[in-house]
């Protein structure tokens, strides 16, 4: 019994199609609201956590314990003058932050969230190919960055974008190969040894994931986690921003809420990456006790991953772009391929 | 025919430690040529020194290498004391030596922290500034100033060391030893830090001689040249310390030299605290009421080992209360003049790291 | 062979030798062959003539001394062919003191804008005549004596 | 909730909210010019920690910053560039003049190459005297600016 059917039953007096429509709508809004609130909490946690690591206090004047800091930031960004650089490509300049933000938001609707005691299953998108869908959307995200960088015609932005493209090209292949290994392992059931039918959907993978796949393929976990750091582009892989070299990289010419969207996109990607790692490799919403609290298990895993990501962010220097490209092709790709071959043998062994 | 891009780094840029303009001629990310424009912080200190009294000019030297103010003051005063004939007493010399070494620590901490920022490492900066703040408190206790201290005077220092200051310095040194190693480990245990610094910005010894490079840069090229050892001033010949050298010649070597010199500075401070004697802390000829009447004659050039390298001050007096000519030999200018040579063929990221490693302070470059 | 006009010590105890302007290149070449490097140069305005002090250092013997020379017509031979340090130092002395170094490839002002009038470290530089700098959108700097034209 | 402000201008709740947001989220531009830059960095660092007041993020791009702390002597060559960077910032933008050099020339007042106060080039909201001002003084300057944005200062 999931949330969708419950909502559908409440609105059943409207007829079948209308009630499903409203149920979907409400569910999507709830998920988006959850995501937006968790972004605010995430950035607040990041600032406090960063301050703690750096022997500071962090925001504590705005609201109780500085909780309203993000609201103030958002209000200020909305009230800023919108500066449009001269010589820009107008359309591309304006839609770039929206693409980045939308792809993050849509990804969050696709993710399966597991069950919560009364509400039932919180998953919004019921499709058999959510895995393909989510990586499709993730590959749209860099387009926003590229458009934003190139359209402003600023040297800093163009150099930042070129770095960003080089970075994307070198880690996306290993990332997808390691996901392929997951699909292979997931296509055989641990229990029966027979084939499973839904290994292309995130929910299906999590259902099959009785043992977390991170234990079965630790190599895949490492490759995918590094790829997620690179996707979110924070230190040591913040090459497209590289704020000590290229001012702000691809977002140099953006101000106001347009910049705010990029800024939220960065944190959103950290969050999304943690969700994906925990779903694919750490058992997702499977936990030691009954699946009534699946959502809580998922959140705990995500929070731990986010904190690890922040720790990496704050303690490592930035890699040089050529080193990163070498790292991607010389280390990540072979590791991913080894992991794929290993997964093949593993599947044969189960059979 | 490759396509070249022009990229302006500066005048205001997050990681060039001041306001220069580097115009990078780029082929993709590879630097083909660097054009340096200076003068965005030219503050006419040399001209103003000719218009003001000997004692007043200390403030302009404070603000030259603003993170290493004590060394600047010391160098100016060494010259002025020679041409005015007011020699500081022994206790003042010890006090100066302790303060100079403390300030060297503070300056190196700023350099370390901002090198971390340049490389995209946020945390060490805050840890470094936490320690620096403790040094600033000692300065405030002794002189009343935090950064631009104006502590030394002609023929001594303005205020005597109290027991409290000596205890503070001892306590600071005790805990700083451990914290320095912590900070050092933050850098050195990161593989990426090695990758980013090794093999870039190589300065061959010949090149260093030719361009007049001094300080950590030349010691990282394997030349054990340090004014403190080669032409001892203050009481550097009465304490034991070593001059570290590195044969790596690159940015990494310079970082290691800087850290090792901090350890040596701690040794110097500890020995000085043991050896400091009682006595007057200023020469009565240079007391405050006589400051307006101090006259200098002749010329003197003295040099000290500052944070960036050999800092020298030339003072010429014409038997009046104002200097006839003051000139400062700025180590940062020399280190910077080498930059276009060593940065050919580097990437932008390396260039930033090299500037962070050379650590030029614009106040003394432009003066 | 160059002739040493005088050989004395300054207040710190550093050796200061004086050579003629015509002997400068020869003397410096000799010192370079002996292992000396230029570390710094400094111009003095002596009102009737200009004087330049070159500080030389030998890293092997750790010897530091100064060479003094003077000129009546603002012209001196450039040392850029011998020592690279001289490139920026001579530009600095040209900028602030107005000494023209013959043979310098790139003798521009280093600290002040190119259009600046006068050399500030000269004793006859008038500080009352304030100059103002402005910049156009291309980044070229303009100097004028009119307060409205810049800051 | 309507309230009559000074000069008879009506301040609505939305404007109040915007003012509150602006004042509590002043992102400074990294505009360190000279000595004061080090004290500005010290203000960001652990001991004073300006992030408590919402000015945590030092943006490098003028497009993304609200507050220009002119930290350090502005000389005549630099002044037009300061002006240009100021013009690149989006409204509403604020300027703090940090240190006596920036306020009126400071110790270099007799010289030939220092601008006698950055307010000849750009409008300044808050002056923080000192040479250099301590980080605490600069923090006080930022709090004063926050009050000014919220119209709380007595004029």
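Some observations on this one:
The first chain written gets the first letter, and so on, giving A, B, C and D; residue counts start at 1 in each chain.
The rule is short, and it goes like this: contacts are C-beta pairs under 8 Å (C-beta built on N, C-alpha and C of every residue); 3 or more make two chains touch, one makes a residue touch a chain.
Given the structure is predicted, the values throughout are model-derived calculations rather than measurements.
Chain pair with the larger contact count among C-D and B-C is B-C, by C-beta pairs in contact.
Once the centre of each chain is set as its mean CA position, chain C and chain D turn out to be 40 Å apart. Note on chain placement: the centre of chain B and the centre of chain C lie 24 Å apart, centres being C-alpha means.
The distance from the centre of chain A to the centre of chain C, with each centre set as the mean of the Cα atoms, comes to 61 Å. Rounded to whole angstrom, the centroid-to-centroid distance between chain A and chain D, based on C-alpha atoms, equals 37 Å. Residues of chain A in contact with two or more other chains: 54-56, 243-244, 247. In chain D, the residues that reach two or more other chains under the touch definition are 45-46, 60, 77, 81, 110-113.
Across the assembly, chain B contributes residues 13-14, 39, 42, 44, 47, 125-127, 130 that each touch 2 or more other chains.
Interface note: chains touch in the pairs A-B, A-D, B-C, B-D, C-D. Per the touch definition, chain A reaches chain B in the complex via residues 50, 53-56, 155-156, 159, 162-163, 235-236, 238, 242-247, 314-323.
Per the touch definition, chain B reaches chain C in the complex via residues 38-39, 42, 44, 46-47, 50, 78-79, 82-83, 209-212, 214, 223, 225, 230-231, 298-303, 310, 312, 314, 316, 324-325, 327, 329, 333-334, 337, 366.
Against chain D, the residues of chain B that register as touching in their complex are 11-14, 18-19, 39-45, 47-48, 51, 59-60, 63, 66-67, 110, 114, 125-127, 129-130, 132-133, 136, 146-148, 362-363.
The touching residues of chain D, when paired with chain A in their complex, are 17-18, 20-22, 24-25, 45-46, 49, 51-54, 56, 59-61, 63-64, 66, 88, 90-92. On the side of chain C, the complex with chain D involves touching residues 111-113, 120, 125, 127, 130-135, 141, 150-151.
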